[in-house]
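All chains are identified by letter, namely A, B, C, D and E, in their written order; residue positions are counted from 1 within each chain.
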Amino acid sequence: MLADGRLLHAAARSLGRLAQGYLLSAAIGVPLGVVMARRPGVNAALRPVVLGLQALPSICWLPLAILWFGLSEIAILFVVVMGSLLAIAIATEDAVCGIDPVLLRVAGTLGIRRVRFVAGVLLPAALPGVLTGLKLGWSFAWRALMAGELLFVAGGLGQLLQAGREVLDAAQVMGVMVAIVAIGVLIDRVLFRVLELRVRRRWGLAEAV
Amino acid sequence: MLADGRLLHAAARSLGRLAQGYLLSAAIGVPLGVVMARRPGVNAALRPVVLGLQALPSICWLPLAILWFGLSEIAILFVVVMGSLLAIAIATEDAVCGIDPVLLRVAGTLGIRRVRFVAGVLLPAALPGVLTGLKLGWSFAWRALMAGELLFVAGGLGQLLQAGREVLDAAQVMGVMVAIVAIGVLIDRVLFRVLELRVRRRWGLAEAV
Amino acid sequence: MWLDLVARLARRLRGAPGARGGFLVPSRRRRGTPKIDVRRVGHRFGNEVVALRDVNIEVHAGEFVCLVGPSGCGKTTLLYALAGHLDPSGGRISIDGVRVKGPGPDRLLVFQEPALFPWLSVRQNVMFPLRAQGLSRAEADRRAREFISLVHLDGFEDTLSHQLSGGMRMRVQLARALALDPAVLLMDEPFAALDAQTRSHMHVLLQRIWLRDRKTVVFVTHDVREALVLGDRVVVMAARPGRVLHDLEVRLPRPRDPDDEALVELSRQVRDELRRAEGEGAPPPGGAEEEGDARLAEDRGARDRPAADLGAPL
Amino acid sequence: MWLDLVARLARRLRGAPGARGGFLVPSRRRRGTPKIDVRRVGHRFGNEVVALRDVNIEVHAGEFVCLVGPSGCGKTTLLYALAGHLDPSGGRISIDGVRVKGPGPDRLLVFQEPALFPWLSVRQNVMFPLRAQGLSRAEADRRAREFISLVHLDGFEDTLSHQLSGGMRMRVQLARALALDPAVLLMDEPFAALDAQTRSHMHVLLQRIWLRDRKTVVFVTHDVREALVLGDRVVVMAARPGRVLHDLEVRLPRPRDPDDEALVELSRQVRDELRRAEGEGAPPPGGAEEEGDARLAEDRGARDRPAADLGAPL
Amino acid sequence: SRRGEDPARPLRLGYFPNVTHAQALVGLDDGTFARALGGRVDPRMFNAGPAAMEALLAGDLDASYVGPGPAAIAFLRSRGEGLRVVAGAASGGAVLVVRDASGPRDLAGKRVASPQLGNTQDVALRTWLRANGLGTDGGDAGVQVTPLANADILSMFARGELAGAWVPEPWGARLVAEAGGRILVDEASLWEEGKFPTAVLVVSRSALERRRADVAALVRAHVELTRRWAADRDRFAALSNEAYGRRTGKPLPDAVLRDALSRVTPTSDPLRAPLAKMARDAQALGYAPPGDLSAMVDGSLLAEVARR
């Protein structure tokens, strides 16, 4: 069996990296998605490749990560960001494109522009779809992290998973899986579920559930 | 450099597996998402773990795949399905929960029930969100496939990618990446983009872009 | 309350030429079990807003009842409750004696907003529920065309709802409802978005269908004259809390002309009533007492009470 | 066309007591550059529907112009064009002489559907654009409260739009628009969902604000009487294709009472006009000729033409 | 700007959690390397060769214990610029384990696993099969060679889905101990003098040029560790297993360990000839890029160490 100390420690390290990478992806991905939805130029330029790039498995990014960032936390971060960034952007783009045009006209006639328009109209109106994107982006980030932590041995659940697999230690593998799922459940409860309920209540969708 | 014959051949094999696995995920994932959105019981049972399971990296499924299906195409298919199924389900659930309650009431008062209700009201109404899910599910499927094809040498781009990395052959790795991106671009053009445009026109969202 | 009301009404009527008095009288309780029975219904929303308080209405088969009342007085809420989209927090609603639980094939609600399926064309919107009721494609299509042209939308069969004007959308919804031809029609300001002509066309259409197969219609409107043109009865509601002020029977010969002197005069009377009610605001005269009733209504549910001290004489 | 029209109108008026004739006359061309100038505007939608054909309207600063017309005659389309949400496929729209390109701070459109931001409370919906205009939080809040209570929604400041009734939503939209207080108000059936009382309250409110700071108002309604109560001018439109039938000046003294004999009589006249126009259907008398004009209007754009043969005497 | 130019920074040493990298495991844990380098050693553990070699070529690693395959590939990839093999680490330690086959013929038409397409064992397996007149691409005539992850080989072998597997230690020992396998061929028997490298010590060119002193100290420590290993194999094996346990959380059973290391012989000799042959085999099979191998081994440091 496996000393829980190590599992906890590894989980903590992974979570730290995940948090950084994920927040970074969200911070870049959501604006990127908005721009792609609203700027035909940008859309024409990026849209074709985005889906393809998003499909690239993390293993493709490992060599580049080492080449550009060396054996550093940054390299792992890079892999995580490349793993989830575009997913969030894609979902955001779709959500923004799905906004009821009436709301956009209202904003226009009320003279709501620029930052206020994006922060006060586009994002709230697209929020439900963006949330979906953030949820899926979150699992993309996890998976990318598990791959990124194999770059070099730097602690973390990815390493534990790999090692467990190497030594055929089913218990250790299960332990890691349980940890990942547990963290997922936790985040869902404390973050996504809460946000969704709020949004649905506010939008008056709650009864639809 | 690398004989294109191999690349094409590998791409073909991978695409074949991807198609099977992806269609399977969609065929299960969408209904699953609908059920999760509409049946509180099911939701209460599945919702908590779904996000966690979705976050599990494919490497977790490899041992199980071998254990249950041996060294067969089925094993790879299993990895692919496990990789994308839940993503599609999650997005579908969100989309269905986001349906304008008025439409649901209308369906109720018009006496539209069961299959007709799901196929004629829920799915069309949720279609935009479902499409997002299918797009992201598609990249999940790709990534899972790349991992799944490392189960054993069964041709395919995943193998090519791995081999390329083993022998530090940047050209080969790039070749595979280009292939994946190219396929992504293609699918997006011929499938997703077309569907989206149709939906947006029909919904009267086209002008919003 | 009741007496006070009748007295007030009498005053009004005395004011007007005696002949006219007979046109609009408090509606009397009818024999037989009503088609729709609303008993001491109250509804308080999650945010503590009391949308309905102690509402009592009986609608008999084949009756055309109009609900009029100020904006926000609970008309839609009441229709939602009748349609089964909302479970009132107090009281009891039954149709043909059975309590309403959720929507049913016997009733059909025409929503206040044009509630079309955006991904379906006009024809498909009308056909979809018909097909769902098991009509053959051909039959459904025939029926759809028929009703689309009855609401003057021929030529727009293949248009999508976002390509229609507001009034057109409402007419599509109307066509969809009439094509299904349910026993009970619940209509929520269906003609509010229509101009005078189109509206009177729709009046004719609706009355023809209603007379032909004696539907039971509950028709919400904020236009008193429309109510008087269409209704056997006019139920006057007041807001905050939503409640029934009067339940009046319209004794004008059909067909009725909206510009008919008598009708215009009556509408003015009813409007004055409403204005006064509003003036008094909530709580209304005897409000305290009604408060009491309301609480009873909401808490103790269907406990029998002498009809005499109700807001409306049922 | 013009002559034919005047002749017909004359006939109507002869029918009515001579005194009344003066109340409603074809509006004369005014001096000076108009605030809003609609020149031979036509619009054909993607699906080939001709929503507008050769529409010519001049609105001068401070004028209150009402558009009436059957459902689907292009009222909303015209307002969208004025607001800059839609670029007409033919003709030219200019405000203060500059061509309209997209929405601008000088105009404000009140939509036909209650277009509120669902994630904002009533107060926030009113405050948001005020804040966007740079008002201080305190000032915006004060203004919001003021206008919310002007539309009789005090107590609902913190309610979300899905918790409001249809009429309440429209009133919130109204409050939002009036609070912003733009030079030009474009209103699309803002009171259609309101009951008589609330509506007349809103009439009073709107007129007060309009008189106080002489706004220019284009007000779409399907209720001829409402148009006659509010408007300096009533522009009568017809459908298929959407076009202007008459442009009439209302010469009734203010304040006007919707139940005033003269007004009711006038409204009946206008409605008869509309009915007749509808009866003739499209193409209207001299349709062929207008066809010609329309094509000119759509293709050759703003080419000068003797006013004599225009659909409406501008 | 390439990383790791600063000569004052610690020497970055790569290795894997693998009992056959005994010198690295023990040397790092008992501080031998630290002492030799005045504390300026920065160990980097990897899961597999490619990542380590990528890092080395990217200038993120100065030296590394690694298998001969990845070393040769990295050498050739960098056109002989990237690295040099400065010493051997261990020899032998690869076996063909079978379920019940008593000779090559019995494997015909069956599935035999190797750890990695194109790695040393895979190449050895294919060469051996060909030498015994068996094809390597399935069919009744030939053997179906299936590269599989070591972990999967063990589980599949245990479930009887593999007729055999050509694996490095300790997997050979584990297949015998845990999956009831039998050793049919010890790869050592295929090489003259029974010697072939399983792990070597490579150094990046830049480190070799800029910090020869540190590298020399590293090699000295390595040679000393190798000597200790050769002197008392059981003791050293135990130490290595402890270190391994500390890293993976699960040391190998003593029996397995002893059995595994019994077939591994410590040696600091880079074994030029076998190393070159391996590389050429890989090239022949197209798993390694073409190129001249002559400069791969740099024995000068070993010579220095030996002289003093």
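Convention: contacts are C-beta pairs under 8 Å (C-beta built on N, C-alpha and C of every residue); 3 or more make two chains touch, one makes a residue touch a chain.
This one's a predicted model, so the numbers in the text were calculated from it and none came from an experiment.
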Item to check | Intersection of the contact lists for subunit A and subunit B | outcome: E
Next on the checklist: Using the touch definition from the top, how many steps at minimum link subunit D to subunit E?
Outcome noted: 2
Checklist entry - Farthest chain from subunit C, comparing Cα centres? => result E
Checklist entry - Counting C-beta pairs in contact, which chain pair ranks first? => result A-B
Checklist entry - Approximately how many whole Å separate the CA-defined centres of subunit C and subunit D? => result 30
Checklist outcome for this item: Separation of the C-alpha centres, subunit A versus subunit E, in whole Å, is 38
Checklist entry - Whole-Å distance, subunit C centre to subunit E centre, using C-alpha means? => result 86
Checklist entry - In subunit E, what residues contact two or more other chains? => result 54, 149, 151, 155
Next on the checklist: Two-or-more-chain contact residues of subunit D, please, as numbers and ranges.
Outcome noted: 113, 163
Next on the checklist: Show the residues in subunit A shared as contacts by 2 or more other chains, in ascending order.
Outcome noted: 62-63, 162, 165, 203-204
Checklist entry - Which two-chain combinations touch? => result A-B, A-D, A-E, B-C, B-E, C-D
Item to check | subunit A residues within the subunit B interface of the complex | outcome: 37, 40, 47-49, 51-60, 62-63, 87, 90-91, 94-95, 97-101, 104, 128-129, 131-133, 135-136, 138-140, 142-143, 146-147, 158, 161-162, 165, 170, 173, 176-177, 180-185, 187-189, 192-193, 196, 200, 203-205, 207-209
Checklist entry - Which of the residues in subunit B end up touching subunit E in this complex? => result 62-63, 66-67, 70-71, 150-153, 159, 162-163, 165-169
Next on the checklist: Which stretch or stretches of subunit E touch subunit B in the complex?
Outcome noted: 49-50, 53-54, 57, 70, 73-74, 77, 111, 116-119, 146-149, 151-152, 155-156, 159, 161, 287-289
Item to check | Residue numbers on subunit D that touch subunit C, as the complex places them | outcome: 45, 47, 49, 68-72, 75-76, 112-113, 159, 163-168, 171, 189, 192-199, 222-224, 259, 264, 268, 271, 274-275, 278
Item to check | Complex contacts: residues of subunit B adjacent to subunit C | outcome: 102-103, 105-106, 108-113, 116, 120-121, 124-125, 127, 199, 202-204
